[in-house]
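For reference, the structure discussed in these notes is given below.
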């Protein structure tokens, strides 16, 4: 069988099938981290259920020397530790692949596959013999396979040992049992199998300037560095860890060692309506404040988002998107809130959106979000998703420029106010379509009345058409002015490219990989990843240049394409959609077939014409 | 002066300036009703403040033999009863017009206009002499001018007397003082002015088959006739009167005379989140249920609207639109919730919208809404606005077909269930993309589990991509299938029309009037009023036929145009917007200038090209 | 999740009830909650209560919000109509459902997060309306499904798994409900099935909103030392202060229990709740007395349990609204639509 | 709306306060409410309280939701920072504002609809957090701005203008607040300025959430016969059960009022609230006693008014959270941003 498969070094994928709440997470993390430390580009996708304990859960690892680490569904190796899903897992394995299983129990013959090599290790037995405590036995069963994989894939055991030292520095006992379990799995493999497999890892140095981090942690870190002091939030998967991380960082960096006083205030709200209210209140008072939520939360914030827009209060909202509609699939990824966020709330409203593609951008865009929110005195959304937010990604080390100072936008100081005869909140209008604001408590002249009801450009209550329109028109100008102040798109051109491929956020890696494959198949395409709304001239330029543009996104209704259609002069006819919305991270294959199928259509049509 | 103005019969407009909470409403209503009974097409627009008592309020009356009763801002006559707004009111009057004022006090000379005839009647004095009670004096001052106008415009006094009889049948004393006040104002005019003015009314019989009704009352009536039994609502201007009327009709038609038992249940909810929840619960149980609200309420319902969409629960939502964003101008009209309602909630969602243009359609579309909601098992929005909902309109008498039976859509009976082996909620799929549902309590086999979380076509919980997509794709098909089941557009063609003008809802009259004016100016245009979303083949056809299409709507961001752009194959380039969003009902003038200005542009452009 | 079914499930009483259904017929899908989760014991008690009350499965509507607790309707009575709705919105949905069909029996399952945070307003207003339903709060002091944040019912000083202490005063659903006029208020413990079952039965028969707050430990996030919602802590501090037996209509011997007496309360449908006092001079029909009684226990750190308060004299939502007896969802169109003649008559007023 | 200004406005005391400001400096825009609306009298009382407390206008933040009551912040202290927000959402916005800047004085104005219907959850949770603010409910039993529907505070049997009687039990903000742990609870009547002003002053100085429920008749929709929130009815049934004087820090003579005694409570800032009992053995610092006391009055149909309960020992939101004294909105960026060195160090853990 094995010869059927050529030697595969640093270019393969494997999947681990477990039961959630049984410690598999830490085992899988170890593997991922070890590969990362071996300097090899790697990604790990955690496909977990909306449940706390006992349901099937999967972890997918892909290593790729070229850095193509988007999700792939073609697995060379399957670690089948979950009896409940065993049948499905066997099926998914690709022909010529290996299946690692617990041989403590006999295999179901009906599920054998001639084109697959079955590697059995009696994990249960080994652990029962090696460990006394029953809970420990279950947990160690999973740790145990780390050793086996180390042997099969030639993962550096030194590294693993090192990692254990770091991880359990404070828990020597735990370290010992982990070490022991891993050794068990390792020795058994060396003894019974021909190690390593033709499938194997080889040290590189592609990751030495990188870190392993999830998007939510990076977003939180960005909020800390941006100087956010108030957070109002309500727990919801997959955004909860943004606040967990923010809290952790604040405790570490914002707590006075001596007095224990905190230079931050985190408010766990009673719901999302309150969370956004807290953010608006805090921002109104001049603090940098934010909330983090997911789809259902955005729906509940809808009314107050309109208040922030109309009263022009800086507001930063993180939306870690999950699968909708309604409760949908809370532990699956999607990009289904794009339109909702762009036009959130009743009446005429338009917002600023940022679309990070990975944890690195999460960090930097978090900072940008606060600068834009204050500069344009309006809500700014950071749209990430479950894949970016909750999975560990290999990204370049984060750098911080200590010269950075927050862009508070147009704010009047005590002196400014001292000098001026009278202050009016909504005029005069500056080149960005904003007007100066004041921070409460700074100066008696700075006081003004904020309202979500009709107001004129002096801030006074009004029901007069012209006065109302006056302000609404400025708000439209303001949104337009943000076009070229938001992060530019990432554009990569290819020689003789005939078509353009546009995408957003977490689709990045899969699309870039797909474009390489397409090029091989003779279809050269230019690439643009949109990173913000409103769309800048760069985005418009790219769209105008191409006669046919494919928009790749993860939702059913082509929401990004819709936004492009409405907010640029691009003619709809040349826009085509490649959509994936099942809830798993995007794969290059999906993009390739999506594009090719429509290219074919196209020619057929032209024939018809 | 007067000769400056030719005789104007049944074709003029006048405005009444009052202080709210002083009984002017009933006076103005009398005038409007009298003209209506004289058989003359008339409209009355109440421009009131978001306040209960003491602020300026205006009432505009337009009579037009040809039936052009959209709002107009050029007033031939001004009844200036509010000292606070007197200056503004004098300015607004058109040259050559008449101004009726209370001459109990001297006029401010600085506000005189040589081109206007000032008619003074000492209302305060007259009423002080005639009435004892002080409150009565203020109230009667307003009734008093009804008499004066009767004389000046030759309103039939017999009719007025008749109306008083009906109105105060149970309050003879009140009738008497009203009669007296009116007579006072009438006699004074006859005595001091040359009556009638060249501006005058002449009986017609254009309204004998019509009624005078506001949209909210008509909507409520429609809900009663459709068989709605449960209403969950929360008070909000301008939609509150929908429920007031529904309650009134139910008390009248749905209360058992003998037992006092009620065949309806109206729930005044604690907020809009609860209101929509109640509707969903009641519809789930198989009753016809609805809620009525305005923009802020829709925002708050956003999350549960997604639940109803995804769990496929019939839901009828009336949105009487007002000016947004946020609290905006609660007593002003707008069409600013179109996009919000079309795509309400997070994730991929699309809803059915109905756009009545007048109270007549409010009545019929309310019934249609319930049929569509049950047929397609999804939320259906009836989008009206403050102008349609709260102003009195002259519309053809309502007719009801007693053969009508509710279209419950695909519902399994006890027998159906008895016969079938097993029932699954979401399959098999029928030609409309729906699947059969059951009503709780009907049969043990009909029980199923409704959820807003991921489910497969059997109704079971799922997190599997294909199973999830399966259902989402059907929902998309379902929405598409509704296209030609919704009310068709109203299309009126003109000979040699080069352009098409598309509009929606309450813009109807103003646009139709504008098209006549444009034709006179040599611009012939075809007319289409869209009455529902998704757009049917008729709408698509009209759009395809025309090289240039103007979309007239009352919001800042061209929301209808956006929806057309996204949901039809029409190329954006040929769509142009005519927008009015100051909060007052649309005027033909605004449409004419809007179209002409862009026609000019157009030629300029073509020159450039 | 435990692959072995819960005890009740493993040995169903094979004794059929009046409908000829066995206990097993009242079970649902296998639980996917953590092994040992308090919620599963409540599920078992609900199964028994419904079985003993001979409830026709399809005449039962079971609703919930979102949370581990809110998942449980899937785990009982597969033959009932279920609605796992949205977080904190179940009370309104149940209110609407009951408005449309007053014939069904309604059970709402919620959690402390679902009811006391996001759903606080809706729960309070459902109580005000006295919607006829059994409302179960599976109270564990944390947000289980989102991995253990403090909920609004967490006691001051109660420690999280990470060891930090809660500083905010808790909302006590029992006190709250009594305060705003609830007509049936009970508290129990998921570990005390003997107490739970009769209370559930009485609640299912109550003519109005029956609230039962059940302490239901979260073994994964709130069952550690320092938690005041752990099994250990609850066992230690729980104090049954009144015992209630539910006597269905049939088996009732009115003679023994003069209706109205504090000892037994006659329910709307003729069945009787018989109270056996544990704490002396405790009157479960005197709201004010109950409130102060409970406060005393509270201050002495005890968790008083039992069917604490019952007022069967009150009107439910439909009584107050004078709705017809026939479920509105079944009233014929002819009875609802006034017809064209009436319409023409009506319009004379619109001229 | 009355074109003549309210009395207070017509004859401002020309006596300047410690800041050299006169009463007039604490006034706002002219009221646009109905002539005689109870809300306007409360506005006048607030103006006086702030004037007497020498509050610097720009150090005051006045917030509200939506409603006639919520319009009133426009009518006092033009020099303050105002926020007329959204219906029922003011508590959360005030919470966030206070989190960002603890130096300002916060007044939240709400109505019974704004606080007890749509805003019930937010108000209760603001109470739980003990946000330092004066929270005024201008309670008229109806939704004034939407023309007179019953609100959740309407009493059973109270008649609407159209004559129909309310059937739902009312939510009493005072009982509710006491029940869920509020640290300052008062009730008053818009018609009783002498009682109102000192309570407002004490509330403004309270170290936490100070709730005052003010019966404030709606002359247009709820001042008729049969209404239990009319001037007539309230005058007839109002019963001041405890009188409170507010003694600012300066003028305090500690000797006379041993702190801690039931007779006088020392406030956070050193000023003192001196209680003079009207009802015998009424202890405004004993929550349980106050609750039962109030229940007795309730059952005898009396509306007990006064500064009913005060607990000055409690921690406000910031105390509990250990936030720095400097308003967070003013903490320098250097103190918030760890800088690049720290970032590089941190990232060693991300390898």
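Read from first to last, the chains carry the letters A, B, C and D; within each, the first residue is number 1.
The rule we apply is simple: a contact is a pair of C-beta atoms (placed from the backbone, for glycine too) under 8 Å apart; a residue touches a chain by one contact, two chains touch by 3 or more.
Computed from a predicted structure; not experimentally measured.
Farthest from chain D, judged by the mean position of CA atoms in each chain, is A. C-beta contact counts were set side by side for A-C and A-D; A-D has more. In whole angstrom, the spacing between the mean C-alpha positions of chain A and chain D is 44. Look at where the CA atoms of chain A average out and do the same for chain C: the two points lie 40 Å apart. Note on chain placement: the centre of chain C and the centre of chain D lie 35 Å apart, centres being C-alpha means.
Residues of chain D in contact with two or more other chains: 86, 117-118, 120-121, 125, 129, 152, 321. For chain B, residues touching at least two other chains, in rising order: 50, 270-271, 296, 303, 307, 326-327, 451-453. Residues of chain D touching chain B in their complex: 1-3, 32-35, 66, 68, 86-88, 117-118, 120, 143-147, 149-150, 152, 220. Residues 49-50, 295-296, 298-300, 302-303, 306-307, 309-311, 323-332, 334, 336-337, 339-340, 343, 345-350, 451-454, 463, 465-466, 468-469, 472-473, 476, 555-557, 559, 562, 565-566, 569, 571-573, 581-584 of chain A touch chain B in their complex. In the complex of the two chains, the chain B residues touching chain C come out as 36-37, 211-213, 221, 224-227, 229-230, 232, 249, 253-254, 256, 260-267, 269-271, 273-287, 289, 303-304, 307, 397-402, 404-406, 439-444, 446-453, 461. The touching residues of chain A, when paired with chain C in their complex, are 21, 50-55, 234-237, 240, 268, 270-272, 296, 326-327. By the touch criterion stated above, chain C contacts chain B in their complex at residues 56-59, 61, 63, 73-74, 78-86, 89, 91-101, 103-104, 121-122, 125, 129, 318, 321-325, 327-331, 333, 335-340, 342-344, 346-347, 350-351.
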